[in-house]
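Below is one structure. I have some questions about it.
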Amino acid sequence: MQNIIPPATEKLAWVMGPYQEPIATVQPGETFQVSTLDAFGNRIDSSDLDLAEIIQLPYVNPCTGPIYVEGAEPGDTLAVTIDEITITRDYAVSCLIPEFGGLCGTVYTRVLNDPLPQSIMLHPIGEAGMMYDPNLNIPLIPVEPFYGTIGTSPALEAISTLSPGFHGGNMDAADICPGNTVHLPVNVKGALLFIGDGHAAQGDGEVSGVAAEVPTTGIITVDLIKGHATPTPRVISDDFLMSVGNARPMEDAARIAFFDLVTWLSTDYGFDRLAAYQLCSQVSQVRLANMVDILYSVVAKFPKRYMVRS
Amino acid sequence: MQNIIPPATEKLAWVMGPYQEPIATVQPGETFQVSTLDAFGNRIDSSDLDLAEIIQLPYVNPCTGPIYVEGAEPGDTLAVTIDEITITRDYAVSCLIPEFGGLCGTVYTRVLNDPLPQSIMLHPIGEAGMMYDPNLNIPLIPVEPFYGTIGTSPALEAISTLSPGFHGGNMDAADICPGNTVHLPVNVKGALLFIGDGHAAQGDGEVSGVAAEVPTTGIITVDLIKGHATPTPRVISDDFLMSVGNARPMEDAARIAFFDLVTWLSTDYGFDRLAAYQLCSQVSQVRLANMVDILYSVVAKFPKRYMVRS
Amino acid sequence: MQNIIPPATEKLAWVMGPYQEPIATVQPGETFQVSTLDAFGNRIDSSDLDLAEIIQLPYVNPCTGPIYVEGAEPGDTLAVTIDEITITRDYAVSCLIPEFGGLCGTVYTRVLNDPLPQSIMLHPIGEAGMMYDPNLNIPLIPVEPFYGTIGTSPALEAISTLSPGFHGGNMDAADICPGNTVHLPVNVKGALLFIGDGHAAQGDGEVSGVAAEVPTTGIITVDLIKGHATPTPRVISDDFLMSVGNARPMEDAARIAFFDLVTWLSTDYGFDRLAAYQLCSQVSQVRLANMVDILYSVVAKFPKRYMVRS
Amino acid sequence: MQNIIPPATEKLAWVMGPYQEPIATVQPGETFQVSTLDAFGNRIDSSDLDLAEIIQLPYVNPCTGPIYVEGAEPGDTLAVTIDEITITRDYAVSCLIPEFGGLCGTVYTRVLNDPLPQSIMLHPIGEAGMMYDPNLNIPLIPVEPFYGTIGTSPALEAISTLSPGFHGGNMDAADICPGNTVHLPVNVKGALLFIGDGHAAQGDGEVSGVAAEVPTTGIITVDLIKGHATPTPRVISDDFLMSVGNARPMEDAARIAFFDLVTWLSTDYGFDRLAAYQLCSQVSQVRLANMVDILYSVVAKFPKRYMVRS
């Protein structure tokens, strides 16, 4: 493997934008290794810490990047295949962050109620799975790692790694896992790919705002689709075509996801657009990826088995 | 079987409320048969009809009911087990209704754009599944029937059968299917149960606004949980505890669903409330049931395997 | 004056629907007197009460009605002119209701945070205005009474008097005040008008959820516009044409309001529809009427001075 | 006047961020002149143009800046007083942009309906006011210029000049007009102020997405409030304290605005926080500033006459 990309620890990426020097350059078709810190910069190793000291916005969710992809031009699509994700620590971190999460007042959904207390949990990870709490007699949670955050640089904006958007970002979609390919828009020369926020496990919606956060080493293959920029992030698995909508309110995220899925079925797979809409109403699946981030993320999934075969 | 309840065709229920005479009375513990019309009152038998004539609000989605449950008192919960659903027609109806659906302007999300055209599709149903379109070479869609609409009477309100809410109603949640038990609040003497809107198949979100609509005959068992009214509809399956949130915007529906799930884990299953919140963030699943009705419906699901065992 | 309508205290209206006997009948063109209780049924006369005892849903916001209007047929519009509102008590009531309001968790926007404490304030009303708090040295608040709640019966639904909607209801719009005329749809024979929820004063949005609540006696004139049902409540003053949108999320309420205003300018006042849209973008005013009720209410206002004169 | 700042036409600011060289430096307390292009870069001079050529995202709404303020440090507040705004062209531009606006499908609220047609209008501006359309006999519209866009740099992000946010930005609030002072957070050394998007007139909500767009020359005075960063933009006029909330859905914007207003009354003006909440419910005003931008903007206004005097 030509490239082995560690997190640029001196110059972690807290925003996805065109203003940071690439930390590595890769070729279309290249397979390389990339390492990521967890969403807290690997700084939580005990449940006794004060989260207010560790979480100092905007210095949360450091990503590895930008990774420059040779030949990528604005108007292309970057296809990122996740070949492998290895968790590089024997525990995951989860926590309750006051004023962040799906069931509490936040900086967006402001309330006068007193904030929830903080809490930190360390979940031991072993061969057989992840232990929620050594004190509770509940079964191990399967470890199914994925990247919570993956995206490319916007043309001019520099967007917090805490936010998802049309450029990808902090989508917290468990479909961005080994075996699947993510399509991201190329907005600047070299695409500038950012990856981070490994999750050992996560429930749909990531309701408390934090998953089982882990550092990772992954094997990634990038490729280019020239001359067509994906309008919103897409994911392709063996079984599904998936479009991701990132917006608030959540129905706008769902609309973006389904609008793109219907459009995709129509432009690439021969469906009449309104027939695709009607068919989606009968066979699509939806993942609520996150209900906690700066924008909400909804994944609309079309089962490939229903793709028209001529 | 003591009771065989056909739809009261002369007095169909278009609202769920306390103002209509019961069409049948059942006992707690009783198993009975109930028949339902499809959401269009079984009036669509051709793709050449004019939807504007058939869909005249508020006369859409006729339900069978009210069914009076002996002994049900305000403050109880009605537990409705779906034993069986049989589709009683050899085709399902789907359609595109202008100004209704997830990807068009509606009476709520108003736009000045021209409305989409109407369309009607009849999907033949056979032993092996449902055919989307005889002209398209796509695989049969599995038939997995469920009730799109099930609810009890509010105390004073009479709510359109097109709307979901804390009383149940038009949730379009595929989890309300054979084998599962639905908990609904009892707000009036006799509970007054309403059932309808059979679906042969439906994608998550029901994005075009219409599923594969069918008339049905079902076998139902009702029971009472005395002295505790469920705060929002709940569903119990072999594998999941589920809470349904019905609200707009969609994040409010998700919040209601998860709030209830967390509360339920805490009051009935021994979890600390904030620990349940954190655990849900790692293991819960979510179904986006509908993104098209008067309120949106989100189902938060907790895998029973993680229930604490003492 | 022929009709003097007190609140039907034995049979207060807690829902707007077709299921309650009219308490009075009036003629089109008739001017009559109507009395209303405050939103708490006049039951708060001290700041030491326990709100949990007084506020027992759905028994909040009792309205006076239904008032039957002779000759009103479905498809007409009821034009209700507010001639006068007299406050019939020497104090207004305001309070903080835990889990209700714009800046706290509610049954819709669910949070795990502890609820806010309750509080009750009685505001003395005199000739010169309303006193916020005898202990604080702040100027008197002008008394500008209006009806927080006014609506007609839906065709089949019975909607809580706490909710606004296409039928009117709990809009909390200060434009529904003496001198102005409200247009409401007629959905059932006799229209069935409901009025209540007098406010001595209210800020835009009614942010804490409660205004300065008062009982009233009002002078009202009703009339009919035959053969055209207003699609959403409208208000006409000397200076403005106003359309009210009631929905969640709040942008949907704003869209409904502006869609109707633009349509109204186009159908009744000779504007091209898209020109009206563009002109509204330059001269319209908006009142955020409520950000706390079951649906939010937004009033879009077009200054009459810009109406095209031929 | 020491500084006369023209728009840096070779390096217009399309994002507000820390990555662009300052085009001028000013001192705290200094009064200076600043010129701005209109939202379309002054490129529309005829109603016959093709908007698709002119509006090429992200190159819309060019701002003048960054302006470096000596001594500004992260954690301070920049107080920007608008002394004067002069419109420097004899017409304003308005238009309908397909897939942008409050009453049509957009990239966020996606619909399958056909987009609206484009249109451009040039509104002549004279001494007596602005003419909407020479062909329509409607009164002149008063010219009341304000800045649609004003903001400071975030710490790391570079945010499109089309978006409002906690940093200010494209709020489209008519309160940002001569005589008023805007408080903006200082997130980076020098604050980095950006100004643009002059409006000759604008209705509340800016419903079609475009106001009466004009180039301007303004007189501005900046000052610093050391050691306290405003949590969201604030505006102070002779009569009101105002807090601006920028978010989606619109209720979140309203919550942010009122939360800050209540907090401000409590921390700076001696009100008990919950009493301020209750008082706002009786006397506040709200401006819906925009219902069309990347985030919606709501201004909550507290009348200064009710400020507690000791």
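The chains carry the letters A, B, C and D, assigned in the order they are written, with residues numbered from 1 in each.
Rule of thumb we're sticking to: a contact is a pair of C-beta atoms (placed from the backbone, for glycine too) under 8 Å apart; a residue touches a chain by one contact, two chains touch by 3 or more.
Keep in mind that what you see is a predicted model, and the values were worked out from it rather than measured.
Q: Any chance you could name the chains that touch subunit A and subunit D both?
A: B, C
Q: Nearest 5 degrees, what's the C-alpha rotation angle taking subunit A to subunit C?
A: It works out to 180 degrees.
Q: Measuring between Cα centroids, what's the chain most distant from subunit A?
A: C
Q: List the interface residue numbers of subunit C and of subunit D, divide the shared ones by all numbers used, and answer same when the ratio is over half, different when under half.
A: Result for this pair: same.
Q: So the centre of each chain is just the mean of its C-alpha atoms; given that, what is the distance between subunit B and subunit D in Å?
A: Result: the chain centres lie 45 Å from each other.
Q: So, what's the distance in Å between the C-alpha centres of subunit C and subunit B?
A: Result: the chain centres lie 33 Å from each other.
Q: Going through subunit D residue by residue, note those that touch at least 2 other chains and give them in order.
A: In subunit D, residues 103, 109-112, 116, 248-249, 255, 258-259, 262, 274, 277 touch at least two other chains, as defined above.
Q: Could you list, by residue number, the parts of subunit D that touch subunit B in their complex?
A: 103-105, 109-116, 249
Q: Note which residues of subunit D are touching subunit C in the complex, please.
A: Touching subunit C from subunit D are residues 94-96, 101-103, 116-117, 119, 121, 132-133, 136-139, 141, 201-212, 248-251, 254-255, 258-259, 262, 274-275, 277-288, 291, 296, 298, 300, 305-310.
Q: Can you tell me which positions in subunit C touch subunit B when the two form their complex?
A: For subunit C paired with subunit B, touching residues are 14-15, 17, 19, 58, 107-112, 154-160, 247-249, 252, 255-256, 258-259, 262, 273-274, 277.
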